[in-house]
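Should a chain be cited, it is by its letter among A, B, C, D, E and F, assigned in written order, with residues numbered from 1 in that chain.
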Amino acid sequence: MADVKLAFIVQKPQYKGETSRLAITHAISYQTVEILLEDGETVTPKLCFIGEGVLGLQKGQNAMELYGITSTESHMKNTLLVDLDVLVCKEDLDRYGIPEDAMPDADEMGADKKIQVVPFTEIQKAMEEAKHVLFF
Amino acid sequence: MADVKLAFIVQKPQYKGETSRLAITHAISYQTVEILLEDGETVTPKLCFIGEGVLGLQKGQNAMELYGITSTESHMKNTLLVDLDVLVCKEDLDRYGIPEDAMPDADEMGADKKIQVVPFTEIQKAMEEAKHVLFF
Amino acid sequence: MKLGVFVSDFKLTVDTLDRLKAEKLGLILVQNGVYHATTKENGKASSLLEKTPNLYALSDDIQIRGLKVTDVDKRVKVVNYSDIVDLIFNDYDKVAWL
Amino acid sequence: MKLGVFVSDFKLTVDTLDRLKAEKLGLILVQNGVYHATTKENGKASSLLEKTPNLYALSDDIQIRGLKVTDVDKRVKVVNYSDIVDLIFNDYDKVAWL
Amino acid sequence: MGKLALGCYPGLVGNMSYDFALKLADAAVSKGHTVSIWFSGNATGSVKSHQKHLKDYSTGEKHLLALVAKGVEICTCEACTVARGIQKPEGIEGVQWNAMHWYLGKIHAADRVLLIGGE
Amino acid sequence: MGKLALGCYPGLVGNMSYDFALKLADAAVSKGHTVSIWFSGNATGSVKSHQKHLKDYSTGEKHLLALVAKGVEICTCEACTVARGIQKPEGIEGVQWNAMHWYLGKIHAADRVLLIGGE
């Protein structure tokens, strides 16, 4: 079991409670888990947003200015910088009228990864392919 | 302002979280608040259950045996013993198919008070008459 | 009664709200409740906005989410914490957090 | 995949559940989720009970609420914590708490 | 000016309903109102001193201290607090410890009451 | 026998999702499975020692100690815990403190993973 694939499914909006934020920070920690594993062993989460979980992703968040906390936008940039796959459900963005270009990117920080806006079937596929699914 | 009337409205079911239980224990504490008030000053909560809040009231709870905690049933008996008005929404009991005689009483402990199953209009009236409303 | 209600979730069961009667009802949208003011579901604005003409949404909670004040439905007044204090003391005699 | 889902609330938004596909889907009703098994709303059993034949409800969470095992819909199997451990390890390869 | 009796059950740091209570208290006291806050349930965990202020948490100890300094009376439910393993000497200075009737007493004197429930 | 990696975010004492995690862990370890529990978010408040066991709370310190004694590995998210003002010497003995990757490490080795989210 060299690599263990995980599907992190975020269905709660950001900011009111902690769960949806902890999903992101837990996913990012995949980068440092190697110190606890044998050589060649890895854990690869895919971070997927569905339902109301897509609401808290929009660009232009002012969390630091208003509440003194790291914004979800900033957490998302870090996620892209550490090269994680991020899937956002297209049907749910459409349902809430959020355009794809409202999704954050980390271009200016030199990240190659982009948020992938995908149909729900792709997220279902991520769950199928994962060894474990974690709902946040 | 000799007496301050309050309406405690419980809309969450018992047991999963703490809120609906804390509503009851806070209401019961009306009995001891006099030590903090001037002579003749009182606080009188009416404890009202609506929506899913009516679900956690049924007789025959086994909280002590199964989880080692005081049951809501037992808290309700204490509420009647300290002579508080308890109103339960009849429409919501009907909606969930819960018979009126499933409501706990404290007859065997000598309480005169009974739980009052009333139409929502009575609970609305309790909110109107109260100086403050508190939703749990 | 004059009742000010804080709405802090988006898909909150609105059962309670549907039944509440008040001569003057105010809805103060905070936390995820602000999505009722900014977000149309399948192109339709939240039905909460039809319940009363007295609608408010907390500016900080709009902006922290990357939403803009221009996204807010015209029926809703954008307020700050200080305004909410005044609403509580001047406009409503009872307030509730659903 | 064989997916076991824990349902811990009564009026949970079932959006997610509606879309999930699995060759074998199990619903394990715990906490306020047990009301799906015991309580008919306006005389109608919960629609959750039609999603799969693999339905379980936690005995402790039924009894703590003053409900009786005889109140449980016939389609739902009453289980204890030990049974749930076996469900997790033997019947499903993935489990989720919604 | 008026008297506002806030009740706050959810918390602790990390839950933004808790943050709302603190920010509203600050806005009210800054306008000259008299404000009290009652913590019960999970919110009582927030009276533990020596909180480390991390960037994923909006409020906490320093905000409580600032409110106390501005004259806001803050009280935690003693039973809920000791159930969480927090003893009085470990609590934030200036925060009171009492039973539930403390809140009812504040409500008696209050012009407005806002109870923020939830976990 | 199998390996179960539980994650528990809601809590602390008073929230019955937390209780579920502890009871499930107990049932699994009693059947011979290997069990780990990761606390994050509000659940980290539950690792404070000297909890008073009141009759309105189902589980807590004594149950954690019993699980540790049965070989369940329990770890709290250090950042979440210190944010709540709880320092390591104040924690329940036998409970580990680590960063989030501890949980991913346990997940790597696990046959089954159950994450209980919520506040």
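We adopt the following convention: a residue touches a chain if its C-beta (ideal position, glycine included) is under 8 Å from a C-beta of that chain, and two chains touch if they have at least 3 such contacts.
Quick caveat, the model's predicted, so the values are computed rather than measured.
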item: Minimum number of chain-to-chain contact steps, chain B to chain C; value: 1
item: Shared chain contacts [chain A and chain E, defined touch]; value: C, F
item: Path length in the contact graph (chain D to chain E, fewest steps); value: 2
item: Leading chain pair when contacts are tallied as C-beta pairs; value: E-F
item: Where chain A and chain F are represented by their mean Cα positions, the distance between them in whole Å; value: 25
item: Distance from chain F to chain C - Cα centre to Cα centre, in angstrom; value: 38
item: Intercentroid distance (Cα basis), chain B paired with chain A, Å; value: 43
item: Cα-centroid distance, chain B relative to chain D, in whole angstrom; value: 29
item: Residues of chain C engaged with two or more neighbouring chains; value: 8, 11, 13, 31, 60, 94, 96-97
item: Chain F residues counted as touching two or more neighbouring chains; value: 14-17, 41-42, 56-57, 112-113, 115, 117-119
item: Residues of chain B whose C-beta touches two or more other chains; value: 15-18, 25, 52, 67, 132, 134-135
item: Inter-chain touch pairs (all); value: A-C, A-D, A-E, A-F, B-C, B-D, B-E, B-F, C-E, D-F, E-F
item: Chain A-facing residues of chain F, complex; value: 7, 9, 40-42, 99-105, 107-108, 110, 112-113, 115, 117-119
item: Contact set on chain A toward chain E in their complex; value: 15-18, 21, 25, 64, 67-70
item: Footprint of chain A on chain E - complex, ascending; value: 14-17, 19, 55-58
item: Footprint of chain B on chain D - complex, ascending; value: 8-11, 31-32, 35, 39-43, 60-61, 63-68
item: Residues of chain C that touch chain E when the two form their complex; value: 6, 8, 30-31, 60, 80-82, 84-86, 88-89, 93-97
